[in-house]
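Shared between the two complexes below is chain A, which pairs with chain B and chain C, respectively.
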Partner chain A sequence: MNYLDVLKSTKNVMTPGSSACQGCGGELITRRVMQIAGENSVYAIPPGCMAGAGVDGWNFSNGCSAPIHITLLDNTASFMSGVSEMYQRRGRTDVNIVAIAGDGATADCGFQSLSGAAERGTKMLYICYDNEGYMNTGYQRSSTTSLGSSTSTTPAGAAINGKEQQQKYLPLIMAMHEVEYCAAASPSNMPDLVRKIQKGLEAGKRGFAYLHVFSPCPTGWKFAPDQSIEVGKKAVASNMFPIWEKENGQFKVTVNRNPISVAEFVKGIGKFSKLTADEIDAIQEMVDRRYQTLLHLAGE
Partner chain B sequence: MMTDKRFVTPLGNDGIYCLDTAAWRTHRPVMDKDKCVNCGICMSFCPVNSVYFEEGQYLISYDYCKGCGICAVECPKKAIGMKPEGGK
Partner chain C sequence: MAKYTAMTGNTAAYNGAALCRPDLIAAYPITPQSSVVEGLAGLVYGGKLDSNFVQVESEHSAMSVVQGAAAAGGRVFTATSAQGLALMYEPYFRMSTLRIPMVMAIATREMTSPETIWSGQQDAMSVREAGWIQMFCESNQEILDMIIQAYAIAENKKVMLPVNVCYDGFYSSHLIEGIQLPEQAEVDAFLPRHDEYAYLDPAHPAALDPLTPGELMMKYRKKHLEAMQEAKAVIEETDAAFAAHFGRNYGGLIEEYKTEDADVVLLTVGGMSGTGKDAVDAAREKGIKAGLIKIRFIRPFPAERIAKALAGKKAFAVVDRSVSFGWNCGPMYMETKAALADADEKYCSFSAIGGLGGADISFEYLLGCIEKLEAKKDQPGKRDTVWLMD
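Then we have the complex of A and B:
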């Protein structure tokens, strides 16, 4: 089935009037996931943009037509482990157990419970929409924030020039947990994203499935809302966010033969406006090294 | 009162409880049906699911559209234009 037919024929589970910003990548991802997983699912969304935007109900407004729970920032995966176990014991293996969390609730606060659930092989699908920071509270730095990003806790100024550390590459860490399915995807490549969500849901019935999705944030990163998908395309084209999957122990990288430079990617994004040439070189070096590691793992 | 059968939201005594995100819009996307080839790319990228498919063609619903303009930028045929909303 073509991805457009999938999106055309599925029901909109999430509330229409969510208070996510204009051009929000996280909202796009959450809607696509909920459309494909459908109503026969149990969702968990920890505090973060999607919970704040009212996906799981807010001030008697909005809501969701499937069971949904707002967990704590650090216990999403362990909470869903219990839910999953209950459904397995009752023989309800048809129910999708889905967690949709931001990068803060995945890579920082929620990492301990996530790592535990992945190691135990809990039957669920965990989706991280990676907007590289704590956007809901005004863009504080997180461990996945890229080097040189001007955030509210690492403002570019006289003392420092944005975040001083490189970002943590979480999808590869999760792949090393030997999970059933692990993938990195971007909403700018929608057919690929839809296919990976379908695969993830299917793998989530057999074991732990993890999906890391790039989520451009117009408000936090300071670019025009209509450029969201373009930023996603450039991130993939520059290998800032390579897309790949790991299935049955095999890595499969969507090979990008002619990558554009990181300098091209950072152009027009406000949080990178103070980047120096040295910092761009440092990011480029890290990006190249990471891509070579991925190619090596895939045997390319 | 906002009612739309394509969407599902909680029902209260006085109707559907839902944010009126259409009020945020400063520009509205207008589709030029002569240029449109029904490829569906606007639908796949709309973060608010405001583009829908009905009777063989893609249409834009203005009930909740926030006017982000992604559809206008991504349309391969440039069939969608952003028109300023009229004042009240």
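Then we have the complex of A and C:
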């Protein structure tokens, strides 16, 4: 089915009236995931933007129409391992077990439990909406924050110019857990995202499925809310966020024939406004090397 | 018919857990608990136990996995010690405050630092304000029996709280004692198969534990405290029901040993109680009217029963295998004092601290405590903390 028909024919499981910021990538991703996974699912959303926006339920007026639990910041994958085990045990294998978590709850303090659940092949779909920092609490840096980003804990200052390290590239680490399905996607390419959510749900019935989704954040990154999809497109076009998938042991990269430069990507994004030419070069070098690694893995 | 056999405390623990037919077990190995995990793995991998067995990468995940499974309606079990308990503190606190029943064995161990792997009760004592029911065992039979009782207590609708069954690392976990191992059918008759409500089920969608304002949280905490107090009667009833099924009982919240006519009383926790009873017997041979109270449950704290058991006595000492850093005494001494009105006017008393980091609590130490109480029993007042060491 065409992705538009999929989205037209499925119910919005997340209630209207969420308090996410205008132009929030995370909200768009979460709405689409919950629409496609549907109500015959058990969801976990740990503290973070989507919990803060009320998807886990707040004030008796906000939330979703499916069972959901706000897990601890660091135990989403392990808590859902227990839920999944019980659903397998009771023979209710039709129920989707879905976690939706930010990069802090995924790549930082939640990484141990995520790695454990992936290694065990827990039957579930884990989605990380990666807005590259702790946005819900005012944009503190995380391990996926990119080099030179000015955040509230790595402010671009006279002594230190923003974050000093390159970002940790989590999706490839997850792919090396020999999981059932692993993919990187962006809401700026909705047909691709919808297809990967569907594949992830299906693979999550056989084993662990992991989806890493780029989540543009107008509030934290400082760009206009109507530019979110544009930022997503440029992230993919510049290979700052390459999209690919791994299934049946095979990597498949959406090949980017004419990449734009990192300098082009960072234009107009406030968190990058103090980047030096050297820092842009360093990011470009990392991005090129990472993309070559992916092409090599995919045999391109 | 029960089978007479001999086994270590850890073997008793895993056999007790297996007899309760848990839907799911998640555990991580740690000294001195590891043979509980190994034993359960052996049963599941050998096809003798139909439980989902999840091999986690940490104790934090062990408690998280069982929490998820219990939220999906399962009966669950795990076990840990010391650093593992400390690591799982975050989901541990949440388990009780979600009011989800389960049982976790703790082979108790001293807390680092100084670096140690040996026995002590500091681990379990340090989390006694995390909302769990906590009890300590003296014998291996008691470990096995109390795991079975603990599920009945935890799942009682008046209680709905998780339970820790604690026993001394190495002294109980690794030493072999005679055991009556019940038949599965006997346990099934006492503890019916679990059919717990699944909080997370698309059949009745709901948010489990959304962000909760203080006004509502106050009500939840009050009910949690009330359930703890309700648990006291349930603990006594469960012990009586267990006796009717198995012919063994333990006294419920506390066990009293020769206290009826006693002047001086030792209060003990866990495995040291056996040594304490020997010391009481020896003291009585010397003409000292000695008795012993084994504090079996520390949460809920059996304040009323301890006060009643000590009524009319002259002197007592509480032996702790852990410390209260803020009170210069052992934690159970502090709490026993809190259970007694005007303790210092009525009783001669002191705190005795021993057995830290695997050190021995010897017969001589405990007899010495009794003799010290006997010498001062007619002079009420709090005495200095006694450290049971040379």
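Here are some notes:
Here, the second predicted complex is superposed on the first by the 300 of 300 C-alpha atoms of A that agree within 3 Å, B and C clash if a C-alpha of one lies under 4 Å from a C-alpha of the other, contacts with A are read in each partner's own complex, and residues count from 1 in each chain.
What we mean here is this: a contact is a pair of C-beta atoms (placed from the backbone, for glycine too) under 8 Å apart; a residue touches a chain by one contact, two chains touch by 3 or more.
Predicted, not measured: the structure shown is a model, and the values here were computed from it.
In the superposition on chain A, contact is made by A:Pro225 with chain B only, not with chain C.
By the touch criterion defined above, A:Cys24 lies against chain B but remains apart from chain C after alignment on the C-alpha atoms of chain A. In the superposed pair of complexes, A:Met86 makes contact with chain C only, with no contact to chain B. After overlaying the two complexes on the shared chain, residue contacts for A:Ser78 are found with chain C alone; chain B is out of touch. Looking at the shared chain after the overlay, A:Gly63 reaches both chain B and chain C. Once the two complexes are overlaid on the shared chain, A:Val42 sits against chain C while remaining clear of chain B. Using the contact criterion defined above for the overlaid structures, shared-chain residue A:Glu300 touches neither chain B nor chain C, since it reaches no partner. The interface of chain A with chain B overlaps its interface with chain C at residues 57, 63-65. Residue ranges on chain C touching chain A, taken from their complex, read 23-24, 26, 52, 54-58, 60-61, 64-74, 76, 90-91, 94, 198-202, 204-211.
Within the complex, the chain B residues that touch chain A are 2, 4, 6-10, 12, 17-21, 24, 40, 43-49, 53, 63-64, 66-70, 72-74, 82. On the chain A side of its complex with chain B, the touching residues are 3-4, 7-8, 11-13, 15-20, 22-25, 27-28, 31, 35, 54, 57, 60-65, 187, 190, 218, 224-230. Against chain C, in their complex, chain A makes its touches with residues 39-42, 51, 56-58, 63-72, 74-75, 78-90, 95, 112-113, 115-116, 119-120.
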